[in-house]
């Protein structure tokens, strides 16, 4: 810990107020999501705890029938908005993290293979990546989502929504990882210690995982942060469009979709608070990611 | 020159064939082609006959060739829902999407380039910094949120602009346009801003970065040393040089604009192809999805091609085949 | 000779110019109390190792110094007019500049003719067609086929491009051209041609040149007078022939000795090198900036900065009567 506090990295962090602020906001959001079941007044995913009479209660006012008061108001089904946002955040973050993991593992493995083995495999992977990259990832994610739903038997479609969502977003974001890892691998594999490793007879897979992999992890982490923000936005977008998480387990996107429906009737809080949360989340990750990228790896710019 | 163009054309065709392959695989193996053609009420005999006629037992490459040939004649099968030909559905909705995409692209380019140049020239100025930090928030905001917030302000609170639909449209042959009626134009405003804002920020940041980069070049220093005015330096020397990357990105963004139209169209219930697609995803309407993929793939490839050719027109070095583009 | 020069009014006069670099709370002198004059029609060489402040001096004359650098004191007078506060009236029109690398000195996306016309019309009020005519004449003068007026820069070789740049610099018919290492980026074989061209055209027009270089060979072949810069200060100045034959400042001696000469017996001698390197801005030594590298350094040299003696050399040794070597 001490060495970390003394490091250049920490020094430049301390001296970047934007980075500190965004990290702080991000940390608060993460903690709130992780400890949702302790913080949230009630569990919005539990139908038993809901009272439809509470529907549309404005923030900090008591409901005319039940007398209940909600910090951020209640949505159409009487769910406490504050609790719903916390639980929704959980889903958004979960989907985001899992999708990034998937993209990262896939991208790193394919990038290593393409870079280290080269040949037709390299050509194939990178060509495929090029073509995929011509399409925006959100479109790719939608397509994969649609196809995956088509492949699944209809009775499983609803249950598997979240898994399908993770796979769609994950598969749509692997390319930047693969490209970077491939580039770094190409540089790394020319170095002498790799030649030495080959001479002592290490297998290709060993060289890739023990020698090259550790050297490409830094940039991969930077990309992962940025991808994390993208994945969260993708999740929110898909859920907003109604092709994401199921409505019984609303994520931030779903909540915003519900909020939009009630804008005209004046229930603004259903929209505002989830929107602000999503904005804070996306902005803090983006700002922190920008700073991280500039600090760790000026080349990535 | 001709050889470069031909090579680019060939590349474009290869990419299209690849996209078509994926589209075909989806159509053939995820969906049910027989159902898509006949609708769900067909009899067993009809199905068998059609399977034979469609050649579903043929070798796969023949089926693929067949699929491509039919796609070339705009035959994408029937939608699972309503059993209408997919091509007809798309044709009906294409004008709405294209008008939206065009308007927002033009909006994005004009404002993006202007603010980009402004923030580069007035680097460190108060307004420039304000624009830049606002743009940072802009890039972080998901498109749909921008749309919803615009609706909130301009439709709900101020009641100035419509929040959904295209307004009144005029038919010009098979094309329908919203440009000719007041309500049509009004309806275009919010969706165009929503769709164009992200691209605008991108174009602005790019223009700014390029401008700053170009202003560091020796030929700019020379121009300044030779007493040329700021106006000359910016417009005679710098602008053509930033135009190349800006055109590329803008062009490449056009594809994204069409794709992101899905989101905007959903927010504003804009009756375009994007809305058609998202409904297809929702109802797992495979033929529509497969056709949309082909359509968007086609749009992307054509756009990339046009951008590359424009590049050739603008940069004399490329025209002579002297330099290779970094991206290739 | 020097008496003669006093009678002619100098075209450009730089007196006690200092350019400083502000870095956090410190101030470093990139150009330190520099004075020299340029007379009409002459070619003045500005020589020194990399980082001596040669380019900075050139930029200061044209008013191209930008933060964090600034002119902290001194005056620059052109034709009797102060230009150190605002050089826009003479920039391009009276004084123009040529940079080191012709490959990047021309806008790649503009035809050379258009670039010439743009410069001409900035300073001379004539029609586009007339400007085109002039551009063609200029191209012919610098040895480029006027028929190529509509060609793009990338179709020319480096030497040809530098000719175009010279045409650009001459286009507004300036009285002074600052040429900042105009041939450093070129092939050795082309260097002499370009220098000859520049020299000839300026002689024809009576245009003065400040020729920045670190090549003593170029100095000896091209310039009338030479100013030797060291760490932002003037080390020695004088007629080129006199300075080269009889350098008074130990630094100039070193530079001269380090110049390869193609005469019969120099082949046996090992090329001399001044030991050590020039200090960077932030570590300029006290006293004479050259003292750590100087064979003749005394304690006085370490403490006191020498003034310019006899309008010639800033070295304490020059004070002790002319030392002939």
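When the chains are written out, they are named A, B and C in that same order, and each has its own residue count from 1.
Rule of thumb we're sticking to: a contact is a pair of C-beta atoms (placed from the backbone, for glycine too) under 8 Å apart; a residue touches a chain by one contact, two chains touch by 3 or more.
Note that the structure is a prediction, hence the values are computed from the model and not measured.
Asker: With contacts counted as defined, which of the two, A-B or B-C, has more C-beta pairs across the interface?
Answerer: A-B is joined by more C-beta pairs in contact.
Asker: Taking each chain's centre as the average of its Cα atoms, which chain lies closest to the overall Cα centroid?
Answerer: The most central chain here turns out to be B.
Asker: Looking at C-alpha means, what's the farthest chain from chain A?
Answerer: Taking each chain's C-alpha mean as its centre, the farthest from chain A is C.
Asker: Whole-Å distance, chain A centre to chain C centre, using C-alpha means?
Answerer: The answer is 58 Å.
Asker: Nearest whole angstrom, what separates the Cα centre of chain A from the Cα centre of chain B?
Answerer: About 25 Å, centre to centre.
Asker: Averaging over Cα atoms per chain, report the distance between chain B and chain C in Å.
Answerer: Their C-alpha centroids are separated by 54 Å.
Asker: Quick check on the complex: what are the chain A residues that touch chain B?
Answerer: That would be residues 131, 134-136, 138-139, 142-143, 145-147, 149-151, 157, 229, 233, 236-237, 240-243, 253, 256, 259-260, 263-264, 268, 271, 275, 278-279, 282-283, 286-287 of chain A.
Asker: Touching chain C in the complex: which residues of chain B?
Answerer: So the residues of chain B in touch with chain C come to 217-219, 221-229, 232, 236-237, 240-241, 244, 314-317, 320, 322.
Asker: Can you tell me which positions in chain B touch chain A when the two form their complex?
Answerer: Against chain A, the touching part of chain B is residues 15, 18-19, 26, 30-31, 136-137, 139-145, 148-149, 151-152, 156, 163, 255-256, 259-260, 262-263, 266-267, 277-278, 280-282, 284, 286, 289, 293, 296-297, 300-301, 304.
Asker: Spell out the part of chain C that touches chain B in their complex, as residue ranges.
Answerer: 62, 64, 88, 90-93, 96-99, 101, 104-110, 118-119, 122-123, 152, 154-155, 165, 168-169, 171-172
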